[in-house]
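The structures come next, written out as structure tokens.
You will see two complexes here that share chain A, one where it goes with chain B and one where it goes with chain C.
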Partner chain A sequence: MSDLVTLTIDGQQIQTAPNTLLVEAAAQLGILVPVYCYHPKLAPIGACRMCLVEIEGMPKLTPSCTTPVKEGMVVHTQNARVEKARRGMLEFLLIHHPLDCPVCDKGGECPLQDYTYEFGPRKTRFRYPKRHWDKPLQIGKNILLDRERCIMCLRCVRFCEEISDHQQIGVFERGHSQCIGTVPGHSFDSQFSGNTIELCPVGALTGAPTRFFGRTWEIQHTPSICTGCAAGCNIRIDHRQQRDVVRLWSRENKHTDDGWLCDRGRFGYEFVNQDRLKDFKILQDGQLVDATTQQATVKAASILSKHANSGSLGVLASPILTNEELYAVEWLTRSVLQTSSIDHTASAVNPQAVQLHSVVREAGFRSGVLTDIDEAAQIVTIGVDLSNDQPITELRVKKALFQRKAQLVSLYPETIELGRYTEHNLIYEPGQEASVVASLAAAVRSGGGEGVVGQAARLLSSEAPKAVIVGWKLQGLSDFSALAKALGELASALGPDVPCITIYPNCNTRGALDLGITPGWLPGGVAATGSSESGMTGIQILEAARDGRLKALWVVGAEPLLEADPELVKAALANVEFIYQGWSLRDVPVDPDVVLANVTFAEQAGTFTNTDGRVQRIYPAVKPHGRSRPGWQIVADLGRALGKTWEATSDQEVFEQIRQAVPAYSQIKWSEVGTLGVQSGASAPPAMAGATG
Partner chain B sequence: MISEFIKGLGITLLQVIRKPTTVNYPEEKRPTVARARWRHKLLRHEDGLERCIGCSLCVGACPSHCITVVAADNTDEDRRSPGERYAAVYEINMLRCIFCGYCEDACPTGAIILGPDFELADYDRASFVYGKDRLLVPAPGEIARVKTRF
Partner chain C sequence: MANEIVFSRNHIDNVKDLDVYVGNGGYSSLQKGLTMAPDELIELVKASGLRGRGGAGFPTGMKWSFVPKDTSKPHYLVCNADESEPGTFKDRQLMEVNPHQLLEGMILACHAIGAKTGFIYIRGEFVGPIQIVSRAIEQAYARGYLGKNIQGTGVDVDLAVHPGAGAYIWGEESALLNSLEGQRGLPRLKPPFPAVSGLYASPTIINNVETLANISHIVNNGADWFKQWGTERSAGTKVVSISGHVNRPGNYEVPLATPMMTLINEFAGGVRDGHKLKAVIPGGSSVPILPAEKCDINYDYESIQAAGSMLGSAGMIVMDETTCMVGVARNLVHFYRHESCGKCTPCREGTDWMFKILNELELTGGQMDDIDLLLDITDNMDGKCFCPLGDTSIMSVVSGIEHWRHEFEEHVRNGGCQQRAQNGH
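Now for the complex of A and B:
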């Protein structure tokens, strides 16, 4: 290994790759060099001077966060000179620092506290009044700034420049009055603003929604998965004694989130704490009254059995339920109730689009994963505005564009946020996806052509590694097979082995599809045959309920109801016997006949499947509210009341059954899913065949 | 034998005339020692603002985990304490408290102190959880609450 560099740090020899920074080399040896401005994901700037070390032969101390290793370097990180410098730097940092640790949200996990305790002076020599600013300053919807606590490490500003490129904050003034502020005329409303709270090494930037969440030593942490979108970002749920969720924090997983979270996910946990259903309920004389679990289960079972096997029942299950819950719902619906009208969405999306990941594989693409974006030099996004549909994946694309100068071609009905970085914005009328993709394919094959399409095609006809991202927003598309065909042409034009990543809307839409929560498809993506073939889609279910063709609805989780026209939902629910299973009645416009209290993701164990098919586990963080229970247990009770026993006593056992049923999951070992998840195999269904129109 | 009998009677008679060590509690009360550590009080500043800033340091120090603090934001319209933060909830479970005084030690603002009031008996368990209504001393000018048993 001749290309390694050998150097000595504190008497220990280390061999490391060239261009490694000294601070990183020290970390490899387990030597702590205190840092504030250095962050592995941001470019080094040497602003805070905390990391000064002595290099033999250099007259002055050197910042180790900006100095790369050199052959034969001899470095000291712990001698008297270095310690004096650290003490001095901390004394400077603390000159104006308010030291209001008792009321500071950072207290307890604050490197300024830690390093002052470890390296700092015990006393200040500064005898003058401290500088004061108004505080806290609300600089954005979610962010509060305390300029007195800021130590000018510039991590926040660098994040907004280098990572999100939402340049809404900057540095103002100089010297003693230097401070962070918002760019005049703007507020800090970037949808990634919450990441600066985590990056800020002190309590200068804190979250407005999480303000005074409790002290850091009072909260417990549980690994989980964000339910905000299908990216499947790993999160840490912070909670106080398993009661309320007080904060969500990132938990780096390079396969999904790359260490960041968007604000929708980070601050979108209120539904876990508020308006929760604590009891099972039944409707009596027009009033919802609390009932025992037993009473409600029996009543729900009697409604279900009345409509079993008769085509008069429709089932909607939310795509933010766990795989285990969805599997249970599917089992009861198809195997026990002999009902084929089951769906996870009631939006007006072309129903065939749900099998998008099968379609792109049929088209000849390789099933892509999110990390394929990190390899690509050319990225094509089709029918997706990542900024809205999957913000964290947008950051991944931005990383490719900024750090590796990748090129982007965007096909979307309007200019998207990412469109700022490319000339290749192929804008089309909604519904024209197929023809735009086909013309792009044709142009790529002929090596160029006229207009934007031609220019994009010229770019794409080079040999550079590519990645395609296809979104699910295909509302206007009437003929899905045309798009499938066009994608096939594009795949063959772009060459072999191009990965294609499919972007789904909700955190477990992919899981819902794999588990057959869609008409016409059984778990494992097997096309349904015979009696279960002709199920209705979500929107058809609601229409049929309104028109009296369905007599009963079983809705698990309110998300599908939110996607459809509110008038339609109201009319449909009022017109049928309605069983609602969920965590809140907030989004349910009509009083159900039976209410079954389901827990949320924060209270149960289970798995989610993210947009590219990664199966990730969640763990129970807080205690279930009242008598609410995990959905699969409620369904098992319903099954028992209907005379069908389903053998499963733990989420692991349910997952084992899922493995048997879904070929794509068969290789997944429960023990290996851990906290970072496992990629599921390519599911096997033939695309299109049997899908209902 | 007789002499022993008389000796014993003598001791008894001596006790009759000696000043008793017990007092007629509750009509009579003994003074407590100067630094007795019993029932807590949450103090106020001279201007009436609460001293407690809801920092939970007492919670961290308490060895029997009997304090609960939930903090909230001070606003200009509703200012409870100086600065940004005050304790919206402050509860001590007196059944678990061991009156060690660590909370008093930990408090950066001198808000919580243990005082001489030791009469804490009550009839039901729930009433041993003291909230701010009983812990906080009355603001200057505020009529002392009847429920406080000083």
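Now for the complex of A and C:
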């Protein structure tokens, strides 16, 4: 306790950590001090002057966003003097403000509006023409700027300087002519631009795709998870009366997103609103026609039963389906249909590299989680360009580099965005991954050496907390065993307990792996034996279908189809009995024989497992379109039609079964998953048997 | 002449030339000053009672002593020659006439604070001084007064000129540092203070031209010699820039505590012919205006403060009875509105709003309640701005209404400024 600071705010005593800012100490007491420029994730600048408070013994009012607590301080945040200053500041901010709240996206959730109601003047005393600017300006693909609404808090500019380092916007002119604008020669096309919409405390920055989405008070919010990549960013789905999704908003979870979203995720929700399948369908005389759920289920079941147990069926299930859906698909495929050709991807993955997170653990690394990056002084990225592969994790690495001066070593075939911040760019010819990793390992062991590798090794041979990040692109290597060996050498060179984080491509790739949606692996990461051992991979399934070796395909979600050569996909689908289960036919190039209408993530409850094994829940935000249903319910119906009853009536019940099947999930209590998720255990069984060999 | 320090060589023809300067005792302080221990030098300047001449009047020796002794970072000295305060034009003459005196002071100051590098940040519009000081630096390098091992003392000092790019706010020391670093010239959050973390986050001392110009004389002649002028709290002499309605405007170096009326009547030749003194801004545009009846005071820090104003940058603006005080306020607020950097709300918006009201009062009269509205706006700015620019932009309005409220009211009643109408503006 002794290293806490004791002070008094509005008559209440508080003990708090040294260096706590007054505005934060007040918040700890539940006292609201209004702020505009202050934001907990940005360095304080003390510019807006909204947060002035009185400290006894100080002649002037003091900005509480830049002043740390001091022992014995006596602070007043609500006396007449402070309130007059606050009212005055709001009046200054409003003299040129257009007061166009009725047509402003921010209206209803606007701190300028809110504080004006709470603390502000009731009437204007300003009698002159207001400042005018052309508006709105489209300053980037996704961002509109209304300078008349801007209150110059500079949060947007500071985000681009301090967090993303995409310095495409800045402040121009000065004084009363000052304005935000794009840096000459740039437009605001940062893939993180959307965060400034949330940071902007007024309606000066709005989303081009979401402009005029509706009135905020008519919008409901539902917690969910972004399906854009495997980071598992927590989001809030904003929707109108459960009808359509109008925007996605961040929902801070320090384990995954740290409060930010990338534009791909933020604006990538059209698939929920557009081109949706509302009905089950069957193919009749060359035409897809609407069918009852019953009719379509029966027809699909008859196709499946025809090919069950015969090796002539292939199953592809999308890695953006929920764990519950994937678990059901796996159950029907292996247990009911006795089929072993099941995969979640149609890109080339070396069979030895499928369970990449297990491979690195076998190599001697500790199973890493994203927050390990926050502790590391040295970060090694191997075969991954986070900019593309997991943008939010790139921000986490940038935070480590900028705020903690961590150092980076990048191994990649080209210079990546993060490469700007390091001299240690180990650029290699594709195919040379194993030898680069091995030579780095050797150099670290010998404490240095020649060239870039030697320099990087000198850095890494010092005692400092490290984190390694590996990417899924390595899974494609034809000579993966050499890389696995090299990773082992690197792990032992770097010393014990270095975490390694695996970057997977899709929001539930990790879940698909845990649930056995991959040939040769059963749920729980157990290597398959016996008859299920020899399933085909996604590409092999498509090729076999094209070549007539498979007679039927059951495709759940179109994502795997998008990964393969379109000609192959077309030829394959046209050549078999084809059951398609999904939310849209947009990416399905051949009319299926049966169409089963599945909901999207926005319409159902369930869980996803993110890149580092965090299990997180999604909640239904909008109502299912037409008669579409959650995938596990469709599968249960198929099972019943095939004479196999599967007992599960809720997502929770399915999850309980998953817990039984997947040891790494066995410790997870449903009640604790909540809205922030739970880390799955590292207690997966030894995975390498027969894999790295 | 006997009462001059920094102007004492101004009469010497071409003293800006190194040979002439050296021939008249220039650079003679270096042998003594550079062989003193830095701490001794700081103590000497402390003992002299020299206060910063840039405006705030902070004791110079004390400021130097704030530089941490135990850093591995380089230390810097920065000379603030951005002189942009309306009414102030002394640094310009100090640089134009006697640039080596400044360099000599900077070399000593660098030694005192452990800096090997100094920058002279000169207001960009000062094309003449930029050339003259740059030439002096070249000469000093050529003759071993700058560079390595200055005059065999083992002390190294490099100096360079950096021209400003045209904003008043860059005279504020932390904005100046940002500008010098190539950033947008906005004032910085304090703490940390520059002495601890200034230029490139390294310990930095910023001093005004006149402050630094005094140093060689203090080293040559001692602290007691310096204190023979002025008072206990206002030691030494001061260059006062006198402008406005006087017969002989110009810079005059006088002992601190010289009567203000002596400055106006004797040095500046009195109020212009036949007119009566109405008001004086004693220390540059950022200080309150004193009405004539309060001007019978000594020109030193404490006396001017007691009278309700400040010595500031010693830019003394003299106004006779023909002056319209609404016009004065309008003119000065226009300046601050133009120069506000825009960082903080009250200065950015307050200067704009004040100007709009004053402009209307002056041109078409405005409304009677505008006067109290103006005072309320100043109250909402006073002490609430990020930096002193905003806080002091209200001075002419507050003191103007305090002493000449009737003039503001007449403007309202008359639908604008009568004088302006008569003069056909």
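FYI, the second predicted complex is superposed on the first by the 681 of 693 C-alpha atoms of A that agree within 3 Å, B and C clash if a C-alpha of one lies under 4 Å from a C-alpha of the other, contacts with A are read in each partner's own complex, and residues count from 1 in each chain.
We take it that a residue touches a chain if its C-beta (ideal position, glycine included) is under 8 Å from a C-beta of that chain, and two chains touch if they have at least 3 such contacts.
Computed from a predicted model, the values in this text were never measured in an experiment.
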| item | value |
| --- | --- |
| Which of chain B and chain C A:M89 touches, first, second, both or neither | second |
| First, second, both or neither for A:G46, with chain B first and chain C second | second |
| Which of chain B and chain C A:H176 touches, first, second, both or neither | second |
| Contacts of A:P102 with chain B and chain C, given as first, second, both or neither | first |
| Most chain A residues touched (candidates chain B, chain C) | C |
| Touching partner for A:G214 - first (chain B), second (chain C), both, neither | first |
| Residues on chain A engaged by chain C in the complex (per definition of touch) | 44-50, 52, 59-61, 66, 84-85, 88-89, 91-93, 95-96, 125-126, 128, 151-152, 171, 173-178 |
| List of chain A residues in touch with chain B within their complex | 100, 102-103, 107, 135-136, 211-212, 214-215, 217-218 |
| Chain A contact footprint on chain B (complex, rising order) | 53-57, 59-60, 70-73, 83-85, 108-109 |
| Touch list for chain C against partner chain A, complex | 167, 184, 189, 337-346, 348-353, 356, 360, 373, 376-377, 379-381, 383-386 |
